[in-house]
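The data blocks that follow each hold one structure.
In what follows, chain A forms one complex with chain B and a second complex with chain C.
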Partner chain A sequence: MRLGMVIDLDRCIGCRSCAVACKSHNAQPPGTWWNRVFTPGSSFHQAAVGKDGGLQMEALPVSCQMCDNAPCQKVCPTGATYTDERGVVLIDYERCIGCRYCMAACPYGVRQFNWEDAKEVKARVGYEAGYEYGYPVDFRDKDGRLVFTPNRPAGVVEKCTFCAQYLAEGELPACIRGCPGKVRTFGDLDDPNSEVSKLIRKRQTVRLKEELGTSPKVYYIAPAKPIRLEVD
Partner chain B sequence: MKKSNALLGLAGAIILISLIAWGYQVNNGLIVTNMRNPFSWGLYIATFAFFVGVAAGGLIVSSSVYLFNIEVLKPFTRIASLSAFASILGAGAMILPDMGRVERVWKVFLHPNFQSPLVWDVVVITAYLIITFLSVYVQLLPDWKKEGHGFLNGWTRKRSQEDINSFSKKWSKRVALVGLPVAILIHTVTALIFATQASRGWWNTAALPPDFVSVAVASGTALVLVISLLAVGKEQFEEYRGAFRTMALIVAGSLVIHFFFLSVDLIVHGWWGNSEAEEIHALIFGRYGFLYGLEILLPAFTMIFFFTEKGRSSFKALMIGSVLLFIGVFAHRMMLMFPAFNVIPLSLSLSGAGIESWAYPVALGQLREGLPVFVSSWDYSPTLVEYAVALLPFGQVLFVVTGAMKMYNFLPQKRIESPPTNEK
Partner chain C sequence: MEKKSVKLTRRQFLKVSAAAGVLVGTAGTASFIHKAEAAPKEVGPNISSVRTTCSPNCTGACGMKALVEDGQIKSIIQAADYPEPEYNPRGCLKGLSMTNLIYGPDRLKTPLILKGKPGSGDFKEASWNESLDFTAGRLKEIADKYGPESIGVLFQVGGTGYVQKGAVSRLATLAGWTMHHAYDQNGDLPMFWPMTFGVQSEELEPREWLNTRYVMVFGSNILATRIPDAHFLLEARNNGAKIMVFDPNFSPTAAKADEWVPIKASSDAAVGLGMARVLIEEKLYDSEFIKTFTDLPLLVRVDNGKRLKADEVKSLVKPADIPAYREAYVAYNGQFIAVHPEKLDLPSDVMIEGDVEVSLKTGEIVNAKPAFQLLKESLADYTPEEVEKLAGIPADDLVRIAREMAGSKPLHIIYGAGNYQWYHGDLKGRALALLPVLTGNIGKPGAGISTYAGQYRIRFKVAEWWVPEGKKQNWLPFLYVLHGPTKTMKAKWPTHGIKALVIGWGNPFDQHNMANKLREMVEQEDLEFVVTTDFQMTTTCQYSHAVLPAVSWYEKTDLVATPVHPYLQLQQPAVKPIYEGQPEFWIIRELAKRLNPEFEKYFYPGLEPDQAAQKVIELLLKTGGPEVEGITLEQLQKGPVRLKSDVPGGRQIPFYDQVQHKKPFPPVSLPAKLEQTAQFVKSGRIEFYKDEDIMLQMGEALPVHKPPFEESEFALNPMAREKYQFSYVTRNAIYRVHSTHSNNVWMNELQEGKPRVWLSPKDGQEKGIKEGDAVEIFNDRGKVTAYAIIDPGVGVKQAVFEQGWWSRYTNGESYNTLTYPFIKPTHEIYFVPGMWAPNTAWNECLCDVRKVGDAL
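Entry: the complex of A and B
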């Protein structure tokens, strides 16, 4: 089994609902965003780019690409970063020593460090006292590795887990469910009959930074929207 | 010996300051540094690489003396080994404050991932620590035997002085034989930590490991040179003139090789003219031009200076050349970080909009008024706490070198005064 995701860029409206759902469901500390949505080319979100009067605006969501050949896992000295039997790249919060080698290695900028204690920082930046958001309890994989905890310890790295805590219940990741445009499709890339496999066969897809050989399991359906004005 | 007590006191103070700063960091988290998600390695890793470099150089000097029989340098092999031992100890210590969870570092030994260059580095640095220690130890044994002190030398009691002398001689050579490749390895592997990462164009070059080794030989030899100069003092400078000249030549020669790699690398990075390389060039010649200038000009000056008669024939000239070189090499280590982290790996080109390289913003990792949530570059400069913590290896090297030289004979003249030993 190789779990993967297909993101249809034609449908994405850049609303950032997935980023918000991801952030709250996974109890991300202030300043940490496992999932980002930006308008490529523009210095801020939802601003069109172009030249000579020809404007375009796409939105591109980026979270962990769940690389099959994951540099973050290869550099991790302790094996804290590992790929589970479903192809999901995870981090054991109890084994990570916080060396941040994986952050230097990941080409997608999705890995984030807990520069300070999550609980303390929530209070400090003014998150309402007693308001706890996100999945409320620890989640361990079948070997007992701690891959989710609502208040992350200081000094460890975190990133998207494909919502490991929900997958274990047979549920979909929060970004899939939270997307109003039904942009995201999730499933087993090894199963030729899965919806993701069919989409990849049928539609033209790209993967980010494919030239680096990381073999991401997140596929993007290239936007086919007409570009407003073709520039010579 | 007054002077060495003062130096030990200074070293102790430096170590204390650094430990206090480290304690503060452990309490508050790495937020007290100026590193953030987009710029996740900084002064600590640069300082680590600097000390690995000088450490490698030390044993390369003392080993080549034994292996290639460079007679003039023989009086300084003890100092060279000591300098290597002290520096690698400093490098090993420097890596610890960079860890987010330093109390778990033992997990590297429990579950090592042998694909990780960091694990290779742990292995070779540990080996090097043992080898440099042994190198110092076997060289000191004859003195310890004679003077009846030292440690781990109970077994020498029953043997004759000659026995120990020849044992020391034989094993110094053997340790040197094993030590030389390991010395080259520690800096090669340290370079591989960076060079293997295709995500960072600035590092991802096969020129990095050989270049690291050439810088290591230059800076490591310079440290041996400085310690030796201070040890023999201005008074006896003339006596060891030949040795100092040779060391200066080694420094200058390896800098030639360094500049060779550096220019080849710049050309290869720049010739194709792709947008990432252009970004790197804009960073090193623009935003970080001053630091890059230091990295180039100071070692270049030392190289040329040490090739002139004037530059290598006086105490003062050698000191100045070496110190300038240290500053330049340190700048070089810092420059490992800036062009690597300020080029965001996930950059896209939008041909339709005429955009060649657009960096996908990264979450900063800190929510604070006045700071953006997502950034496409981060103006890293170390905080005061970082500077204080990074003093640790400097204090350690000063402490170990001064302490060891105070307790035992590392000075060459004492060896010459001692009666010649029978060769076997």
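Entry: the complex of A and C
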């Protein structure tokens, strides 16, 4: 089994709902975003790129690309970053020593570091006393590795887990359920009958920085406008 | 509040989860299909989920599910439980981050009474009793001194909460206060609707977009302002519909379109008229349709511009069975025909071109022409070359698009607020309405013209709750509060004007204080008392004398049904009210009994607010009429229920009944009675020729293009022509619902917490402004500071500001200090609240920009 995702950029409206669903459900502290949506080529989201007559504006959501050949995992000196039996790249927060080699190694810039205790950072927002957001329960993988905890301690690196805590309950990741554009499809890349496999066969897909040999399991369907013949 | 720590070992967690029967297994992927549920469902230790409806003033009405643990909402996700899978999963980034507002630092904790000056933030915390006694006392004093009609009530959009907002209407009616309708207050009322179709507004439900073949979007940014429905536009495109976006700016919606047609600001009418001219010149119109359903065959007297009435004509008798709000006009097919306004059955040989001599009962003989002939003559000015000059659209493109459009049915026009929130917005709508009407694209699947900004239509009858015992209500368009009364106004101006405001669900001191007028009115004690209910400390709360803490839509019971989304849905409390907050219903009941002990009985005394709200919902379902017939509270508790409609399959297709069954226009616009709105289109037909005196005087009997600013900014100050050459456009960003979420920590992280002004590279260069520079946008009335985005997609001489920022993010100045409450006289011909009323024209505003700080 290899879990992967297909993101249809033709359908993506750049609304950033996936990023917010991810942030909320995974209890990310202020400043941390596991999932971001960019307007490639533009200095500001949803500002046009190009010149008169050749303007464009596309949206690109980027989170952990779940590489089959994950550079972050290779450089991790403690084995904190590992790939589970479903191909999901995860971080064991109890093993991470915060050396941040993985952040340097990741070509996608999706890994984020907890400089401070997450609880303290969140408290500075000024929520009601005692309020904490996000999935409230720790989640450990089958070998007992801590791959989700609502407040990651200072000194660990974090990133997208495909919502490990929800997968365990048979639920889809938050970004998928949170996407009003139905842009994202999730499933087993090894299963030829899965929706993701069918999409990859049927549609033209690209993977980010494929030339680096990282072999991501996140596929993108290129944005395209329908091409029609001019009718006189 | 103490929080119980939930720390479970993996083994314990597995046990609990397995016991709850939800665990599929850490390694399992067997079930990635999300199962929607309506009843709270255990998903883990102490975790449950509650299905409710998100209802800020975007009117998206998205079903959301709150994940609740130990009485706290931990996260929110789309409920995705609509029986039609096309509508799942409805929601957006704001709704997903409501927890930041519910538990955020701006949450009101207790009632507050103003100690210092308005706006000073100097409040004292008060008990509910003290604050309610104070509020009721002040309101009574003001009512005694100036009359109860001097108390104005703002309660925003009814469809987002029929119970709680209805309670405000109920009390305002009992107390004799004056209500301000949000539709015209917010500038969202597209006045072409009542003028042309006799309705408040109409729209295709977004699922119908899939049936469209040609979509023309004028001044609407669906991708940012209708996030839950935007996918339908892309699906329609990928199904083969052509998407044409007409906009001065390259918006996200334009980026997804087949073609983006940049046009000059406020030139949409010229484009519409130019295309209508092509349709008529090349005989691409549906002759049968316009003869049957429009006023275009009706004769107009050439001598006075008035439509010829049947009882004026020598040989004709006005049919006897015509209601007072209708009129019988005249058509000609070799003989004069008295046109019955409730029968759409003119013969197919009726004359639409040419002219005819008519003998009147007075003995006069006058020349008359069908409205179609006059339209054709009027359109002669709008040649492709002329429209190119007026609007900037290449002449060849105009002709090509008009032909394409005529050949692609169904045609749907999305007429956006960026287009109509101008002084002559009504003319643009009337001009654009010509396109679907001339081509017969009305009342059919996937066809028509729709407005998706400002969704105020009431979906069912509410009088039993909103208007106790059918008592008379006082209504006053809000523009008059800012502008002062006019000689031509039809609404009743209270003898002493408005001396107090009762505000809920809105932030007018940021969002509506044109020319800072509202703040000045409070500071100068012209407005003697302002009370606001809200769940957050908004700028409006800062300017209020009393602040009463309400609750968010996750803490109360209500009923939601907005026009854009065809479902009736419940709001169910996911958690108890936070701090001392109370549902508005409770606050209103407490105020009511203090104002007059007699009033209490109207508000279910003795019942808890949620119980009472359920009673009100049952009452509304029982008395709401055909749209909600047979729907029960129990059904709604299980999940959303589609509203009923006469259209087969219950679909939402405007004017279906009129066109398919030849019923006279207009259909009813609730809550108005038919006679109130039918007077707008007395012929019982779609009207393009308006012969009211003011229409004739202003040269607007037929839709015409009028340039922006001439009758507004330049009439106010001729110097503005030289001094202020930038259009000040206040558009929506994806990060706010008007001013709600202005303070949402995550929304602000996504945009660095800074208000922005979007400028073209050319203007940036001329003004010496680089990306990131602090820029002051200013005119004689006010100013606001924002940070520059230099965007090659922005049209020249435009300062585009993303609206909704609370003043604390803009140095204390509201971005609305620049705007002005222009009142267009044609909006005063009739007055029906929120249906024919003077409408705010946000974009009718000129300014200049200057750099005031370097980029950091």
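To be clear about the criterion, the second predicted complex is superposed on the first by the 220 of 232 C-alpha atoms of A that agree within 3 Å, B and C clash if a C-alpha of one lies under 4 Å from a C-alpha of the other, contacts with A are read in each partner's own complex, and residues count from 1 in each chain.
Going forward, a contact is a pair of C-beta atoms (placed from the backbone, for glycine too) under 8 Å apart; a residue touches a chain by one contact, two chains touch by 3 or more.
What you see is a predicted model, and the numbers here were worked out from it, not measured in a lab.
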Chain B versus chain C as contact partner of A:Phe38, first or second or both or neither: first
Chain B versus chain C as contact partner of A:Cys179, first or second or both or neither: second
Touching partner for A:Val156 - first (chain B), second (chain C), both, neither: first
Touched partner set for A:Gly109, first chain B, second chain C, both or neither: first
Which superposed partner A:Gly79 touches (first chain B, second chain C, both, neither): first
Which superposed partner A:Ala123 touches (first chain B, second chain C, both, neither): neither
Which superposed partner A:Gly50 touches (first chain B, second chain C, both, neither): both
Touching partner for A:Val206 - first (chain B), second (chain C), both, neither: neither
Which partner, chain B or chain C, touches more chain A residues: C
Shared chain A surface residues [contacts with chain B and with chain C]: 30-31, 33, 49-51, 56, 125, 231
Residue numbers on chain B that touch chain A, as the complex places them: 28-31, 35-38, 40-41, 98-102, 104-105, 107-108, 110-113, 115-119, 122, 193, 196-200, 340-341, 344-346, 348, 350, 352-355, 358, 360-368, 373-374
Contact footprint of chain C on chain A as seen in their complex: 1, 3, 10-11, 13-17, 19-21, 23-25, 30-31, 33, 43-52, 55-59, 85-86, 125-142, 144, 164, 167-172, 174, 177-182, 186-188, 225-226, 228, 231
Touching residues on chain C, where the partner in the complex is chain A: 1-3, 6-8, 10, 13, 17, 22-32, 34, 43-45, 47, 67, 69, 72, 74-78, 80, 89-93, 96-97, 99-100, 103-105, 107, 223-224, 227-228, 230-231, 234, 237-238, 240, 242, 250, 252, 255-256, 258, 260, 404, 578-579, 734, 745-746, 749-751, 756, 758, 771, 789, 791-794
Complex contact set, residues of chain A against chain B: 30-33, 36, 38, 40-41, 49-51, 54, 56, 60, 62, 71, 74-80, 95-101, 103-109, 111-117, 121, 125, 153-157, 208-209, 212-213, 227, 231
